[in-house]
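Okay, so chain A shows up in both of these, paired with chain B first and chain C after.
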Partner chain A sequence: MSGVRLDKIVKSYGSTVAVNDVSLDIKEGEFLTLLGPSGCGKTTTLRLISGFIQPTSGAIHFGNKDVTGIAPQHRQIGMVFQDYALFPHLTVSENISFGLVERRYEKAAIKKRVDELLALIKLKEAADRYPSEISGGQAQRVAVARAVAHPPSVLLMDEPLGALDLKLRETMQAELRRIQQELGITAVYVTHDQSEAMNMSDRIVVMNDGIIEQIGSPRDIYSNPHSVFVANFIGQVNVLECKVSSKKDNITELDYNGQKIRAKQEISLRQGTNIFLAIRPENIKITAKATRNPQNTLKGVVSEALFSGNVMKISVELESGDCIKVECQPKANSFELGSSVHVNWLPEDCSILLN
Partner chain B sequence: MQTWTEKVILFVWCGFSYVFLLSPMVVVMGASLHGGEFSAAIKFPPDEPSFQWYSKIPTEQFEALALSLLVAAVATFIAALIAIPAALGLVRSNFKLKFAITSVFRAPLQIPAIVSGIAFLQLYYLIFDTSGLMLAGTIPGMLLGHVFIATPFLFGTIVAVLQRFDHRLEEASYSLGAGRWRTLYRVTLPTIMPGIYSGGLYAFMVSFADVPMSIFLTAPGFVTYPVELFYAMENDFDPSILASSSIVIVFCLAMLLVVQKVVGLETLLRSGGGSAR
Partner chain C sequence: MENRWIAYLIPPFIVTLLLVAGSQFVFIQNSFYQDLGLGRTGTDLTLVNYLKFFTDSFYLKTFWITIKVSAIAALLTLFLGFPIAYVVARMKSKLAMFLLAGIVVSTFVTIVIKVFGLIIIFSADGVINKTLLNLGLIERAYSIIGTQEGVVIGLMHFTIGFSVLLLYSVVVTVPPSLEYAAQIHGASRLRVYQRVIIPLCAPGFVVGGLMIFNMCMGAFTSAALLGGGRVLTLPVLVQRTVMMEVKYSTAASIAFVLLVSVILINLFSLIAIRRLRSARLVVA
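Let's turn to the complex of A and B:
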């Protein structure tokens, strides 16, 4: 087991650059997720780590070992594929022992390890079934057990839950995380589903157009997105275009359509620069009358109100013509369409997007 | 739900198909039990059923049957050795001549077997003229022709299976530490095995039943079974031909049952060459 380090990796196909200058340091035992829309280079990055494709330039290290140019069968990886890729002609236990046979484990050792793994994935009763005779969730667990049977340097997973239905996917997220932590294995996970990434990861790498937009913990990425792309990709967000008007200590004053807005964030931008301000809908308070301490307050009219069970989703059309989305408790708030309201948020609940 | 009329139509249609497919065999087997006086016309249903004609099958037919089985088995094996690597290479590569070479492998299907037979015979004469080696009427000469007509059947089915083959199975194998040869042996071949079996069965049958080409490559005392039957029908027909045909029919049915038992229909369905689902 070891960490994984990517050094200025570039992968291009002719004139298209799939992965552009990606550097990453994955710690030992970490669960890291590559997140992004399709075509962002996340799967290519995973395949570069696995060795199925080789980088155009740059280097990949597993621990202290340079594995650039080494074929996948000599890399000690564990791989879980989107549609499992279980061997259809082998039983569940034969699938799990496949790698152990290749690594010349003794017969008794193979049996012991397979039994251990069947217990870990809670599938003892299905040991002699064929892949066509088990459910999608079970196949997924077998695929994981097969990948980790011979402890890999790194466990690579390519949208492994994509084929499962929503309920099962949530159970499997917890299950995968449990298995990864019980084995203490370094894991790289690829997904385009932001909630999946949030639920499972120690750190998330948001990718777009072959480059890394932002790396950070789920909390960090959610509350401090660096770019419009990240803010929009992770959860719901309101983006307002503002101008930097003044800077004081760690408070930046902005001008939005003639209104003063304060953000608790230090930036190095000059006065007068246009920036985007991101505010999450759940951080915005909505009131019928102006509050006593009216900082960061904007006036508007309710243009849409949707009740969706645990939250009320309200759209407010501001005086500037922009629309702002607000999420609030359905009990305490009921606003008629067309009624005029005030929205406000705390300076620490908004973040300035630097690009 | 099927309506009453639909059921009747289905029943009549299927019944007609079965009668059409099976009645020739039933007639042959029935007539082979003819027990009365010898007659040049076959009698069905047989009068005084007996197995007398079974004891009168000429030994040449059994020798021919043995030769045919040997040639068909070896030709199928050699055809597999050619077709498997060819299919693997052609399905996965992307070079310019790919389509040309694929057509070459399928070409024997488009050439009438009688033309192939003449071509092989001419070729063997040519080889005899230049080197003094006579291939016509020998096992290698016969095999060469049979491999020629059998290969496309194996090639075609294996290509079809490979086109549905999930490449991630091989990637999974590599990721588990298996090299190229180990992956071929443990993953690729077992997964395409149903294609090899069914293609092999086709190839065997085509070789076993061939008359138009084999007829050119036989020699006195060196005749394949269908050619022997052909000669017998032409020259001196008697119900022993029906008797020996019946034996082959039973033999073929038994073979089919054994293959189904050993290979198993389930295996064919289970490892259809795709992914787990």
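Let's turn to the complex of A and C:
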């Protein structure tokens, strides 16, 4: 087991660049997720780590070992595929032991390891069944067991839960995380589903157009997105275009449509620069009358109000013409369409997007 | 709803049945009367034609040669067809469609033209002989016409297109991700073939091999032209017996032996495969 380091990886196909100058340091035992829309280069990055494709330039290290150019079968990796890719002509236990047989384990050792793994994935009773005779969730667990049977340097997972229904997907997220933690294995997970990434990862790498937009813990990425793309991709967000008016200690004062807005964030931008400010809908309070402390308060009119069970989703059209989304507890005094309201948020609940 | 339309299929079915089964019946029935030559037959039902077939070493040798060249041709065609089918099936570009179209078109070019092509290439002063002579690999020109090797080459030429198309349809059912999975979990390319691709394609090999074998057993043109009268297979023998010796009953009995033996060989092969499959050596 080891960490994985990508050094200035570039992968281009003709004139199109699939992965552009990606450097990444994956720590030992870490669960790292590559997140992004389709075509962002996340799967290409995974395939580069697996060795099925070779980078145009750059280097890949597993621990201290340079594995660039080494064939997949010699990289000591485990991989879980979106379609499971279980061998249909082999039973569950034969599937699990596939890598062990290929790596010439002794018979007794194979049997012991397969039994251990069947216990880990809680599928002892299905040992002699064929992949066509087990459910999708079970197949996925078998695929994981097969991938980790010969302890891999790194476990790669390519949208492994994509084919499962929502409920099973949530159970499997917890299950995958548990198996990964129990084995203490380094895992790289690819998904386009931001909630999946948030639920499972130690760190998330948000990718777009072949480059890394941001790397950080789920909490960090959610509350401090660096770019409009990241803010929009992870959860709901309101983005307001503002101008930097002054900086004082760690408070930046912004000008939004003539209104003063304060953000608790240090930036190195000059006064007068146009920036985007991101505010999460759940961090915005909505009131009928102006509060006593009129900080970060904007006036508007309710243009839409949706009740969706645990939250009330309200859209407020501001005086500037921008629309702002607010999520609040559904209380008895709901806001009528067309009523004037005030929205406000705390300086620490908004973040300035640098690009 | 759908059943209503089945009624419309009954008339063509009856016509086909009469034409195929009827003519076969007359033909086969004929084989059970003694052959008196020149198309005349005896009046009593008898097995004398069959007894003659199975006691005459000439017929038995022909029978054996037919099975041998067909089996060799079928096996070699599978070996030759599989790599082509595999490469085309795994091709991601549009070239694959052009190649497949080319295979289909060339497969349906009449066998006479193809065999004459073969004869030109392999003839004593053809390209291959000349090249080999010039390279000093052989001392004198070698003709394939009238040799069993020649017949095998002819049969392979006749069936290779079918085998590629058949195996292509088998290979495309094996998802490439299975190969990736095998490779990533430690299997070399060779082991990927051994443990994944070949076992998964095995049923296709069996069925495809049998189909090609059947085609070879019944192949007339390539066997007749490349056999050159010196290598006889059953279809060629049937033709000669009818056209040159005018022995209809004898020809009918030979043809019936050919038909029954092909059916039996297929049946036994499939039963054997099923046995193997239940012993889990081959997969469904």
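Just so it is clear, the second predicted complex is superposed on the first by the 353 of 355 C-alpha atoms of A that agree within 3 Å, B and C clash if a C-alpha of one lies under 4 Å from a C-alpha of the other, contacts with A are read in each partner's own complex, and residues count from 1 in each chain.
Assume contacts are C-beta pairs under 8 Å (C-beta built on N, C-alpha and C of every residue); 3 or more make two chains touch, one makes a residue touch a chain.
This structure is a prediction, so every number in the text was calculated from the model and none was measured.
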Chain C versus chain B on the shared chain A, clash or fit after superposition: clash
First, second, both or neither for A:His150, with chain B first and chain C second: both
Dominant contact partner of chain A by residue count, chain C or chain B: B
Partner chain in contact with A:Pro72 - chain B first, chain C second, else both or neither: both
Touching partner for A:Ala139 - first (chain B), second (chain C), both, neither: first
Touching partner for A:Arg103 - first (chain B), second (chain C), both, neither: both
First, second, both or neither for A:Phe52, with chain B first and chain C second: both
Chain C-contacting residues of chain A that also contact chain B: 50, 52, 71-73, 77-79, 81, 83, 85-89, 98-99, 102-103, 146-147, 149-150
Complex contact set, residues of chain A against chain B: 50, 52, 71-74, 76-79, 81, 83-89, 98-99, 102-103, 130-132, 136, 139, 146-147, 149-150, 156, 163
Complex interface listing, chain B residues touching chain A: 166, 168-169, 171-179, 182, 186-187, 190-191, 193, 267, 270-272, 274-277
Chain C - residues contacting chain A, complex: 175, 177-178, 180-188, 191, 195-196, 199-200, 283
Contact set on chain A toward chain C in their complex: 50-52, 71-73, 75, 77-79, 81-83, 85-89, 98-99, 102-103, 146-147, 149-150
